[in-house]
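Heads up, the next two complexes both have chain A, just with different partners, chain B and then chain C.
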Partner chain A sequence: MKDEKLIDRRSFLSKIGGMGLAGAALSAFPWMESCSPDRNRETSREKVRLGIIGPGSRGQYLMSFLKEIPQAEVVALCDIYEPNLNLGSEMFPKAERYTDYRRLLENPEVEAVFVTTPLDRHFRMVMDALDAGKNVYCEKAMAYTIDQCKQMYMKRKETGRILFIGQQRLFDPKYHKAMEGVVRGDYGPVVNVRNYWFRNGDWRRPVPSPEYERLINWRLYREYSRGLMTELACHQLQNGTLATGMLPEKVMGSGNIIYWKDGREVFDSVCAIYTFPNGVNMTFESVISNAHFGMGEQILCKDAMIDLPGSRIYRETPPAKSGIEQLIGEIEQGLFSNSVFAGTSWNPENASSDKGISIMPEADGDGTREIVQAFCNSCITGKMPPRILEEAYYGSVLCLLGDEALLQGKTLYLEDKYRI
Partner chain B sequence: MFKDSVITAKFKKRELTIALVCFGLAFIVNVCCVIAYSCPWVEIFTQIGFVIVFALIFYALCIVARLLALAVTRLIRKCRG
Partner chain C sequence: MQGLRFRYSGVNPSAPVAYCSFYAMHTVVEILFVSHDEKRAREEADNMKAMADCLEAELSRHFGGGPLHRLNSSLSFEDAGEELFFCLELCEQFRGACKGYFDIAALGPSRERPAYLLDTSGHRAKRVSGDVIVDLGGFAKGYAAEKIRKYLEGEGVSDALVNFGNSTVLGVGHHPLGDCWKVSPSSDETKCFNLKDSALSVSGVQADGRRHIVDPVTMTCPSKGYDVVVTGKSALLCEVLSTALYAAPERMQDEIMNKFPAYSAGHIRL
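So, the complex of A and B:
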């Protein structure tokens, strides 16, 4: 009974289904079938035994969902940093503890692993896990280099195991609903895609002693991370490929350390422009010394702007007001506007003040629950959901190619050998 | 200290008539707006809230005008003696 409630409340497909759109959602986003209410019911009597490699902050976040998913059972934990291992054990006290992931992979009880470690370790751990016959959920970005991403993709094909990359937006109902309209052409052709992520903070975590600096603040060092591009852009770049149905052919941009000159090696300010074959641009911009604009993902079509995280549509020509409201507006303008003695030669082209229309007001969450549920279901059924890995692969490839362009200061093209 | 006030039937009838005339005027304004701005006729019903607000404004204006008229009349009578 409890499981039924969980499915009803939390599965976004049931919400979309209630709106008569389940069929359309499944055809545009075929991987969603892996967390549909039917699939949840089908797997509800079985459990997948999981190992968590890296129960740090992200690992614990995912584990909080695993605690609530009836099909999941965490049986093993692995971390080289004991405080994180202890926090993991607090959540799953019966789970076996490891400090070497290879020992965890040798445990035959473990059927699948979550890899939530620093970026540079994804490749080796995922390859070893697939070789050991485990199914894998790996946090984004997929790997440290494009070549590694390709090798991971090929390894999954070779082994036939399940491989998910933690691109939770692919499971976010708000994004699906908005993208459906864009893909159908409801708002005219896509003319631009804007992604940005502004924060105001040093992105550092407190360290108990200096020898842990690089281990804990791995995001700041090139040896382990590709910085803002792999940590933030990776989530957003798939918006352009989903909206246009194409892959960008080239990327250029600039990245610098402009404010947080504290020994970090990754950029604290980046701006990258991706260009699609039809000339449409997609930008990613991020600065971590001013949070005014926050996070935004916007699809600009000829007839409307779609704000994905805000789940709103802003029409270029908003619906006309009622007659009596127009009369009030004219009276107001007549009473309070300034008298014009001569025509102005320039008018400020301010942003539209239209409040937009909500796309999906009932949607909650960010898709993480759904992607974790989908992974558990897929492990039980042994079926890899269609297209999900390809979408995640290109998300990672694009952010890595972007970082390479920033580093080299050149326009880089997506090579054919990386197209799958 | 307080005197009883008597609201006569004539007074009530007059005020009700004025209120109805104000509502009618506001209604006509809405109809004119629908025609002038080429809006759908359904606004005659959907914009009834605005019509009521307009009617109240007209009625308030009527009260102000009548009070002014009364004050002027009394002033003239006083001056005449």
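So, the complex of A and C:
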């Protein structure tokens, strides 16, 4: 059963091989239809009335896109921390203010909510919102535990509402373009996936007085957060599943607090290895006391390395700069001149400074605008985009399973009951 | 054919040309040749690539199962096959003519020479010790360039320019609009070599600064402030001589070249 699922998905992705780029993009990433120009036109005369639960830093970032999206109207705000509520009101002065999300959910004018709160609250708030008949956009990771993710997934199916998880890379065009080539096999088989995120900072937010420490710096405490795995890895682990068309079957790793020993409870250094059924490994590594390597997501194929955030392809055998091909053009024009190219022998290692080939130089943004637009469109049409929740679900499940492996110091397997 | 790039242009009716490129012997081979028949030119390009692939299998020490790989893996007499055997014989002659500065066994730590023994009765060869590594490297490029020349001549192609990774260039006949093929080194565009049924070879440190030519006498990899350029009829001999001259100390260079009066050598200062 497990294998059948894998093969089906892979073969589905492979079928896009003969299609044109636009067609291929929509087939491999069918949820992109939900923010296509056609869909935007279809919904352009309507608005979805939105409530924002948690207009903190991430909430405000999403609200900045909502201000620009014609189909969005923010009518309610909720936060238990007044300064954030005030900042939200500055952006949407007419929005009604709440300090209890349950009261906001009772407001019949609110059709959909954004849940941008600490991780531990996602589950209860999303379940309540779906029960209240609201459509929901929930920031990643989906929930605090794998069980909760599964329950949320089932609840969405049961209610038939829209549920998006804020995995914006799923809507990033340059990721799609690179991934299409990988899935088509343009670069040979996938042999490794590397994800890393290095920063140098304590990951703290300023706190006005000590009693707000845990509320504001919730990311540092186990009660609310799973740390680097849910905040960072969650974005990157889908790279492996999209590239290989499979789910990892196991994960092992190590996590420690090595530098920021300031009372925090989540790891400040993690390294996790996920292994796919065919033996291919995917790593996630993060340290927040050295930023040298920055952020990276790399698909290693037999014939090329694909740098996703850098949007470049590095061929294993980069094309040599031709010595004599330009002669063709000169001969066509009737020219006889000298060719300048002779020198010491060219070989592929000489090209180690190769700058790669840009995948999509015109692409900008990180997919956030697109995912927010897609959510608004979906609320208006009432159509849940295909496969988007499944992709997001597995992104969350894998990061949570990884964190469990780090905590237990064991190799953990993805249980069949969590496969959807 | 996989890995072959091919272009044809008949835009200039007085000079229709075909161009092909492919990877071989750890570098890129480019061939531009005059042809009035695109289909035939395509077949010729395919054949040249196939020929280079076959030669690589015969002459590369990295080709698992190939005769040179076998030779390097064994201390017994091994069947080298006609082609490799011929190359090994030639290389031994060149080693002597170049005062030991052209040496296909220079990579290994063994100083015993000859480094391999040849059994002329059956195209068999063996290394004299396990420390010997036989590497045909640049020799194979020059040899392949000559094979391509022979193939083109057999096909009736009278004018072509063959480029093996920029370091070995062979001008067959002349440019369709001129009386030779003009080639300049990228490190000094003011110099121009007119190739007409002749070749040039450049040796020096690689573009990324790596030293790869071993001085077989001192067993070090020299880095000089110049590249060596050798011109003459045979691409193979140009390749052999430029390698030997780069490895040899300056005082030995004239002595080596005196044995090859039909060839010219010079330095390009970097």
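Here is the rule we use: the second predicted complex is superposed on the first by the 371 of 420 C-alpha atoms of A that agree within 3 Å, B and C clash if a C-alpha of one lies under 4 Å from a C-alpha of the other, contacts with A are read in each partner's own complex, and residues count from 1 in each chain.
Here, a residue touches a chain if its C-beta (ideal position, glycine included) is under 8 Å from a C-beta of that chain, and two chains touch if they have at least 3 such contacts.
Keep in mind that what you see is a predicted model, and the values were worked out from it rather than measured.
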Go through the superposed model and pick first if A:E332 touches only chain B, second if only chain C, both, or neither. second
Tell me the contact category for A:L215 with respect to chain B and chain C: first, second, both or neither. neither
First, second, both or neither for A:S322, with chain B first and chain C second: both
Chain A: partner with more touched residues, chain B or chain C: C
Chain B and chain C footprints on chain A meet at residues 320, 322-325, 327-328
Given the complex, residues on chain C that touch chain A span 7, 9, 11-12, 15, 17, 19, 21, 23, 26-28, 30, 32, 138, 141, 161, 163-169, 175-178, 181-187, 189, 192-193, 200, 202-208, 210, 227, 229
How about chain A: which of its residues touch chain B in the complex? 320, 322-328
Note which residues of chain A are touching chain C in the complex, please. 317, 319-320, 322-325, 327-328, 331-350, 352-353
Chain A touches which residues of chain B in the complex? 29-30, 33-34, 36-37, 39, 43, 46-47, 50-51, 54
